[in-house]
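Chains: A, B, C and D, in written order; residue numbering restarts at 1 for each.
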Amino acid sequence: MSQPTQQRTESDSDVVLETQGVTKTFGGLTAVDDVDLAVEAGEIVGLIGPNGAGKSTLFNCITGTLTPDDGEIVLHGTTVTGKPEYEIAREGLGRMFQHTRVYGEMTVMRNMLVSAKRDGGIGSVLRRPSEEAREQATELLQYVGLWGLRDVRAGRMSFGQQKLLEFAMALMAEPDVLLMDEPAGGINPSMLNKLIEYIRSANTDREVTIFLIEHNMDFVMEVADRIYVLAHGEKIAEGPPAEIQENDRVLDAYLGRE
Amino acid sequence: MSERGHYARQMFAFTDDHGWKLLAVLAFVGVVLPFVGLEEGIDMTILVELFLFAILALSWDLIGGQTGYPSFGQMAFFGVGAFTTAILVKDVGVAFPVAFAVAGLLTMLTAGVVGAATLRLRGGYFAIATLGVLLSAQQITRNLEITGGASGKILLDVPSDTVFYWTFLGLLIAEIAVVYYLQSTRFGYVLNAIRDDEGKLTAMGVNTTYYKTAAWMISALFTGLAGGSYSLFNTFVDPNVGYNLAWNVEMIAMALLGGSGTVAGPVLGAFGLHFAVVKIETWFTGWQLVVLGAVVIVTVIAFPQGIVGELRERASSMEYYKHGGQAASESPGGDDGGTDTDANGEHATDGGESL
Amino acid sequence: MADSNRRSFLKLAGTTGAIALAGCSQQGDNGDGGSGDGATTASSGDSGPQTITLGGTMSLSGDNADLGKLYKQAYELTIQRINDAGGVEGGDGNTYELEMVLRDDETDASKSKRTYQELIDSEGIDYLLGPYSSTVTLPASAVAAKNQKPMVEGGGASPEIFMQDNKWIFGLLPTADKYALSSVDMAKAQSPSAETAALLAEDDTFSQSTAKGVRAYMDNQGVDLVVDESFPSGTSDLSTNLGKVRDSDADILLLAAHQKHAIVMAKQLESQKVNVDMAMATVGSLNQSFKDETGANGDYVYGPSSWAINADFEDPVYGSTSDFASAIESEYGNTPDYHSAAGESVILTYMKAFEQVDELTPTKVRNAIRDIEFTSAYGNIAFDEKGVIDKEMLVYQWQPENGKQIVWPEAVQQSAPVYPMPDWSER
Amino acid sequence: MAFAQFVVNGLLVGALFAAVAVGFALIWGVVDIINLAHGEMVMLGGYASYWTITLVNGSPTASPGLALASVPVAVAVLFVVGYALQRFVVSHVIGTDLFLTLLVTFGLSILIQQLGLQAFSADPRTISVQFAEQSLDIAGLVVPKVKLIAFVGAVALTIALFAFMKRTRTGRAIRAVSQNDEAAALVGIDVEHVRAVTFGLSSAIAGGAGAFVAMILNIQPQMGLIYTLKSFVIVVFGGIGSVPGALVGGLLLGTVEELTAGFVSSKWTLAVSFTLLIVLLVVKPQGLFGEGMGGEAE
């Protein structure tokens, strides 16, 4: 296949998520064009690019919301392209949405419990949630500071509170890889540092590999180990934050010089 | 669905309690009444109808309120059940309990088939598709030989009203117990999550098809069993009785006016509205539908979240502010996020998927 | 018709229901209100004349409210006339005033069981008036049988009602299967004699019974059925079916349906260029409103009736058929038709039965009705062993010169039928 | 020949269904209301026209000119009725749960129907249009004159609505509200008023169609339900919320029904259209003509 894949053959065992030549077009417009990228276990990887660069489309291809026209999605070394979204998610891929999505009419606690990783067969579905799940939910809610609101209808909370809840819900599912679409979007500055802290600790303490789209440059440069840059659907750069900041093609893309 | 409608469906900790009490009171009163003088007659007939409508409202609510799939053709299953027992008892000559069981199975099967086709549709599309199912079932039944065509089936050799009193009471208690229990399980949580944001749930690794199909089938089962008993109770069924278009709307009105997404709401809504209908028919003979129409309009406008829902929303507000509300997790002064809520947060979860 | 007593009784019944709903055990006081033969009739107490309350439901709203209105008028006026004349001389020596409780069933068969049960238990009614339409009558008649209360009805004509071995139901209309037969007889007797027929039937119980009856009859009489179509009640346009009739060259056209479709047929016969020798509609083609709405297009259209407004029958309340007709007309401003006359005779049947029993119990009254024989504005009233009146349908035709005329049977005809109907090109 | 005749029958009556459904689609698209009382607007329109003619002539018999002149009366009356209903009743449930709006319009439906029953009695009524009951013979096909008038009238109503939406300021405001009511409010559009006007237009066109129904068929207080149900089918045929789609859908439904009546049996007409509704929704929820047609008039 294409070059980057071959370059990293020696480290393949560490790669948890990989896209190989992923292409997606909508009625003649190519939203994602032959994109290769790889996320290794334990990394925090950023995905940036100007508006309309195809970042969200790429995310949707990875999660199975969209099926790529061409190319493969590889999760833990197995191809998952074309599988239903929920199956891909079950294989350890978590996701947070750009517009925060929680179950608005359920209580905070139930939002957590319904997000728990399913254990056991049909029978477990028809039982009350296990003690472990409750403990885990309690711990996570205390961690993000929502424990006091556990019996409140989630949709009643503020946007920031919902964002934290969604983050806690994502962790509740114990993902290996967590895809975050603009986690910092719409959050007030005072909460931003808290968020960075949460993401870091999820990454280190809970061993969640994180792959995030972000527009807030300060945020992404601070939190990410490595960054991919998309423009017009194509991958134009990759590397550590410092390198990306110096990259001419990236600057051109952002400043519209082409 | 959005804004006002959703207040009706929250704070489940509150409902758990309610469902339990309702179940206990209903079971006690229902079982005791026949031993303290309830005989066959008008009171028993009205009680049977109250039970019947409570079963229907709760059935609708399981799929329409709890799962958020707005079925607008639930009476299709009632008709399938009604005609199944009518044919089995009258033409095949099987005993009522057997016919009853077959009716339940057949209705669930029908729901499975219909669900496979329609449960992929959302919001208004689903509502119309299910309405289409009801209407074509009615028309097809009208043209079939086996169902008695337009003339329907006369069923005079049937069990006594007392048998149906116990049947409907048992069905209602069973249904309340089932829904009440399911609400506390992962299954129940998933149904509510489907209602709130099915896409999110799928992204979190849940195959929603199984859950919503199962909910639809349970809902159809109780509707079908109610229909299966009703045709014999009424001693007559034709396509207008079996696929009653007025009831199709009434059961939804009952669930919504009581408070949908709860156990107590639909049951109390059914009791209240049907009792009102009975009284209106006596007091406003000839004008009863005018009054009923006005009552429905005024009630919906005055209590959009239903009666139980109204209580519920107050409880939720108290809970939120008791624990500091917005300030609970945000630094003081940082209320930018708060103002964003209604514009973004609510719409993303509530408005995104409908129509 | 409501007095304060009934109101308070009704409130009491309501309270009982409410208590039952709330779950308290105040149930002992009901259920004995009206069951069993020995029950007393609801009486207004004091020392005034005793009253007998008749009760039933009618299509006061809903699809058949136009016909339900006719029954209600006839019931009310007849009861008023009886009371004005001093009431009913009961066979037990007492004099009774009649009262009536009439509920609205909206022509909804899922309402009749509860409503009739309510009338019996809460209103204490022992003598039931039947509803309109066969579907509502079926469950209602089952309630009557179960509670052993007689039910006399003038609005349910499906033969199924009387095939259930129900000893408590009596019908004053010829059964639906007979509705179209005399029209076929008439067409057979004309020259040229009808050999082929087209049948269009609405898909409701009544019309399907009519179609079934006439189908068998035509088969028997050697009339060839060349078009045989049913259509849903919701159908508003008959042109494709009428086109089939035109292309089939059928001699006669029978429409088994109600007034709505009778009007559409009359309008569209011309536009679809249907030239048949006879076009008849089973229900609704004989009302004045049919003619008013269709104008010249309604000319020559036939319809069956179990009653002749100009027949000369003696009537114990009004005097004669024509007196009855003019009484209704002056009171309500519309001409009565056979529905009205049947309704009137429902009340009279009870009156006659009350006069003949030595004790007023539902069973005795029922037995009296079985053997009853009298004449009313409607004609000779007597029931066969199934409980149906023995009556044949007359055939009427709208004639441009004379208006509505009885044209069959020949023995009673006012005018000869204009048969064949003139072609549209010649009108 | 039979085939052509059935198609003609279908198109003639289908245009009326279309005019009814166009209003249904409009209000669904713009105000997001599934109006279960829409059929009652047809009924009221029919009576408005009927009483106008009766008032002028003393009987419901009219020359073609008077019959046509009664249509604008029905349109105007129903516009006012629709405007008021939205303003005073339906506006209370705008933007709430789908079923709350369904319940309110259902309540309106029975209320209007029953009040109609009390006011007009249950007797079916019809308008006789003089000289128009006969048929034209066009290439061997039977084409009733009165139906031809109604066909042209119904199509004209639909086109007038379409032109109104495209050409007028109000039309543009309606489209703006349908696309984004919040943005429309920001640029100074009185959203409440526009919604009420839309409801008025929707009812007006249904009322106009009702006047034609009174001429070619008949009217009754309980006639509304079947028109509401057919509107559902048509709107699904044409694509939900699409005005031009509804026109085509109506013609199509008429044709399908008459072909069923002609070649199978009239007793299956409703069963076939309701089943088609389900199949279409499942297979092609965006309607037979896809999004392309749907987008335009919304």
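What we mean here is this: a residue touches a chain if its C-beta (ideal position, glycine included) is under 8 Å from a C-beta of that chain, and two chains touch if they have at least 3 such contacts.
Please read these numbers as outputs of a predicted model, since none were measured by experiment.
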item: Dominant interface by contact count, named by its two chains; value: A-B
item: Chain at the geometric heart of the assembly (C-alpha centres); value: B
item: Separation of mean Cα positions, chain C and chain B [Å, integer]; value: 38
item: Between chain D and chain B, distance of the C-alpha-averaged centres to the nearest whole Å; value: 32
item: Inter-centroid spacing, chain C versus chain A (mean Cα positions, whole Å); value: 74
item: Chain C residues counted as touching two or more neighbouring chains; value: 61, 203, 230, 232
item: Where chain D touches two or more other chains, by residue; value: 114, 225, 229, 267, 270
item: Touching two or more other chains - residue numbers and ranges from chain A; value: none
item: Complete list of chain pairs which touch one another; value: A-B, B-C, B-D, C-D
item: In the complex, chain C residues that touch chain D; value: 61-66, 68-69, 203, 229-232, 234-237, 239-241, 243-244, 247, 259-260, 263-264, 267-268, 270-273, 287, 289, 292-295, 297, 424
item: Chain A-touching residues of chain B, taken from the complex the two chains share; value: 6, 9-13, 182, 184-187, 189-190, 192-193, 195-197, 199-208, 261, 316-317, 319-320, 323-324, 326, 328-331, 333-338, 340-341, 344-346, 348-350
item: Chain D-touching residues of chain B, taken from the complex the two chains share; value: 1-6, 64, 70, 72, 117-118, 120-121, 123-125, 127-129, 131-133, 135-136, 139-140, 142-143, 245, 249, 252-253, 256, 287, 289-290, 292-297, 300-301, 304, 354-355
item: Chain B partner contacts - residues on chain D that touch it in the complex; value: 32, 34, 89, 92-93, 95-100, 102-104, 106-111, 113-115, 118, 225, 229, 232-233, 236, 240, 267-268, 270-271, 274-275, 277-278, 281-282, 285
item: Complex interface listing, chain A residues touching chain B; value: 63, 65, 84-87, 89-90, 94-95, 97, 99-107, 110-111, 113-115, 117-118, 124-129, 144-146, 148-149, 151-153, 155-164, 169, 173, 186-188, 190-191
